[in-house]
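Take a look at the following structure, please.
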Amino acid sequence: MIKLETLAFRYEDAENLALDGIILSAGPGRLVCVAGADRSGKTTLFRLLNGTAPRAFPGERSGTLLVGGLDPEAHGHSAIGALVTSVFDDPDSQIISLTVEEEVAFALVQRGTDFDEIRSRVTDALSRVGLSGFERRATGSLSGGQKQRLVMASALALKPRILLVDEGTSALDPEGARHFFTLIREMTVREGTTAIVIERDLELTLEFADEILVLHQGITAAQGAPGVITQNPELLKGLGLRLPAWLELCAELKARGALSGEIPASEREAIDLFSTLATVREYA
Amino acid sequence: MNDTNAAFRHPRDMAPILKFICMLGFIAATYLTESLLLIGSIIALEALVALTTGVFRPFRITVVALLFGALTLCLFQIFTIAEGTVVFYLFPFWKAGAITDVGVQSCLVLSLRMMASVASIPLMLSLTSQTQVVSLISGDFRLPGAYSIMLVTALRFIPTFGDRMRMVLQAEASRGYNTETGNPIRKIGMILRLSLPLLISCARDVDTLALSIETRGFDPRGSVRPRRIIPKAGDFVHLTLCFAVLTAIVATDKLIHVR
Amino acid sequence: MIRISNLRASIKKTEILRGISVHVKAGEFIALVGPNGAGKTTLLKHLNGLLKPTVGTVEIAGVDTKKSRTSELARRVGFLFQNPDQQILCMTVREEIRFGLRHCGVPKEEWDARIEAAAVRTGLSKKLDADPFLLTRSRRQRVALASVLATKPEILVLDEPTSAQDEAETRRVMEISRDLSLAGKTVILVSHDMELVAKYAHRVLVLIDGKIEADCAPADLFDNDELLSRAALSKPGLHRIARALGYDGRTNSLSIASLADHIQSRLAGVSS
């Protein structure tokens, strides 16, 4: 579905490469998370994947980039748009409609979808994001979290083959963020969607992703399944990422020589490991 | 949401092309009518439509706003018409500023016509969902999608300017900028100054919005168009009713003037 | 420093705050938490007079907010909005910081020193002549923060300051806030991030449906599963782990190092 080989990009008039040597291959049903501090190249990758760079963000690209078998630079944005749905980070600047149901229906209307089909997809999408009953609500009256869910509903309604999300959880509370990722996971499982999600929250990333790509100043600093990424927590910390508590604890124990072998890939595994290492009865 | 297969309930569900034709009918009727009372009855008919379809509040706001425009038009008209019998002078001592009966009649007709014809446009838009507007412009009229997007974006963002300005005012008040002033000159200067963050935030949003709608399939040069919303049988009943009433009004007006 | 008595507030005939009474002393670092729609931002806006109480009073250092303008209260209350773009309006960072100083009535001779100090504190010393609108979002947030810090408010109010920030920026904002608190200023933080609340706040106010459901230490909140659930909050990771490992003591001094100490001290074998 998505294939990147030694992908590099330099913005016009920029001295340095925004991305360099990125390699990634993601088939149907894969959930890949992209992590990294500010200015690591995450958003540049997002723009290249949905074809907005270099079209709207001029620059020079090199290497291979195939999205659904198509090169975004060679094909028009409508060809890519038919395959790829993008969710940007600020919901306010994506919402074009006056009411919730029309926002979800917008893209379907533009694509000439039959109205019966539109109605059914809108109802389904709103129910999946927990906005049933909000159909006639004015989009301007929604809270930040509701707007973000609305934007997600718009993406769900399209049943995309490829979903790109740029920090879609920033306005959500922890429960909402978890639900957001659960929805994406559902899409990958139910519809075989390939999802590339840019996300700051390493905890959710480690929990949900099949593969994680960690960028640092445009290059790949770490890449692999969660179980691979967690083996070097010091590196992740050094890249400016916030580690979940269980990973910090593992890193601390490993630094003290109290933990040898592989570091767990999830909180559950970590707790099981700690339980076998020690039983904590009393803490003073 | 309105669609081709929704059961007909009330004019809100009328196919947008027929709503557009009704709107043209209202506009045509105002210009075919000379009598003040009958032009007033067209406005009353619009108000009745607004009341029965639940959009009376925005309609009322539109009419009040148009009243100010009408007043301005009236003043302009009244001073430029010299025919007829002088009713009074604005400056009686110098016998200047003559207001004639023809001038008064003419200004009232012009103002009411303006109100009746212009009010029909926002009335139609309030009864037409965005989806229907897009379908009308791109589906029925086969105009480039850019036009529908422009209209839709305007309808979506113009109401938010007030909210955004309020947020900016709050932010600056929180930094010590005194936004509470009775001085109108100062108020204007303040708003102009604070327009900068407002415009910049709008410009940023517009960029992202454009990319967002493009990545959602909007393609002004593409061959795929939004579907037309096909009128149903019930829509034609309402259309006929609307035109029957308007025709009756125009006919009555003609009869009055023939006599 | 802040005294709220029986505060009730309505917006468009809907009651948002339903009888809130809170007393906050100088130097306290308070986290205001709760689900979306609970009224947190509404409560914050009462602290600098952006909103006035329908019933009850809000006093800032003895001054009733109903009798003061927001622009006057701004000298005491520094407000950092979630979106920095709402407040940036000058053409350079320096002017932006100066804007607040001018309107808060700070004497002109102090401006340069305060601008410099605020820029150093927020890491903007090299960007004073830059156009804030061309900076990245996180830097714009720093500009907004610098502008607030320069006026040396008694109370700093932060509305979700870290929601779109990376770890380095988050740490910067929180460390600055902690330093202010240690210097005797009051900090009120609204955040969904319980890790930050656990690390920095002295006290938590849990707001649900317009009422304060709990006013306690962070550790007490994290020990209360029912309240966490009602407030749509999650326990910080460390507390979850401690709980899962059967910890039954106080969690108020829990840290990575201390939990690691304890696990290490109980080790029977080291292989995983």
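In order of appearance the chains are A, B and C, and numbering begins at 1 in each one.
The definition used in the following text is that a contact is a pair of C-beta atoms (placed from the backbone, for glycine too) under 8 Å apart; a residue touches a chain by one contact, two chains touch by 3 or more.
The structure presented is a predicted model; accordingly, all values stated were derived computationally and were not measured.
Peer 1: Once you count every C-beta pair in contact for both, which comes out on top, A-C or B-C?
Peer 2: Contact tally favours A-C.
Peer 1: Based on the averaged CA atom positions, which chain is farthest from chain A?
Peer 2: Relative to chain A, the chain with the farthest C-alpha centre is B.
Peer 1: Could you please state the distance in Å, as a whole number, between where the Cα atoms of chain B are centred and where those of chain C are centred?
Peer 2: Centres of chain B and chain C (C-alpha means) sit 45 Å apart.
Peer 1: Can you check how far apart chain A and chain C are, centre to centre, with Cα atoms defining each centre and the answer in Å?
Peer 2: One centre to the other, that is 28 Å.
Peer 1: Of all residues in chain B, which are in touch with two or more distinct other chains?
Peer 2: In chain B, residues 204 touch at least two other chains, as defined above.
Peer 1: Can you list every residue of chain C that touches 2 or more other chains, as numbers and ranges?
Peer 2: Within chain C, no residue contacts more than one other chain.
Peer 1: By the touch rule stated above, which residues of chain A touch at least two different other chains?
Peer 2: none
Peer 1: What residues of chain A sit close enough to touch chain B in their complex?
Peer 2: Residues in contact with chain B: 50-52, 56, 76-78, 80-82, 84-86, 88, 90, 92-99, 101-102, 105-107, 109-116, 118-119, 122, 135, 139-140, 154, 158.
Peer 1: What part of chain C is in contact with chain A in the complex they form?
Peer 2: Interface residues on chain C, with respect to chain A: 35-37, 136, 138, 163-164, 166-170, 192, 194-195, 232-234, 236-238, 240-242, 244-250, 254, 256-260, 262-272.
Peer 1: Across the complex, what residues on chain B touch chain C?
Peer 2: Residue positions touching the partner: 167-168, 170-180, 193-194, 196-197, 200-201, 204.
Peer 1: Give the list of chain A residues in touch with chain C in this complex.
Peer 2: 37-39, 89, 143-146, 167, 170-171, 173-176, 200, 203, 240-242, 244-246, 248-249, 252-253, 256-262, 264, 267, 270-271, 273-284
Peer 1: Write out the stretch or stretches of chain B touching chain A in their complex.
Peer 2: 1, 3-5, 129-131, 134-135, 145, 149, 152-153, 155-156, 159-160, 163, 204-219, 222, 224-227, 229
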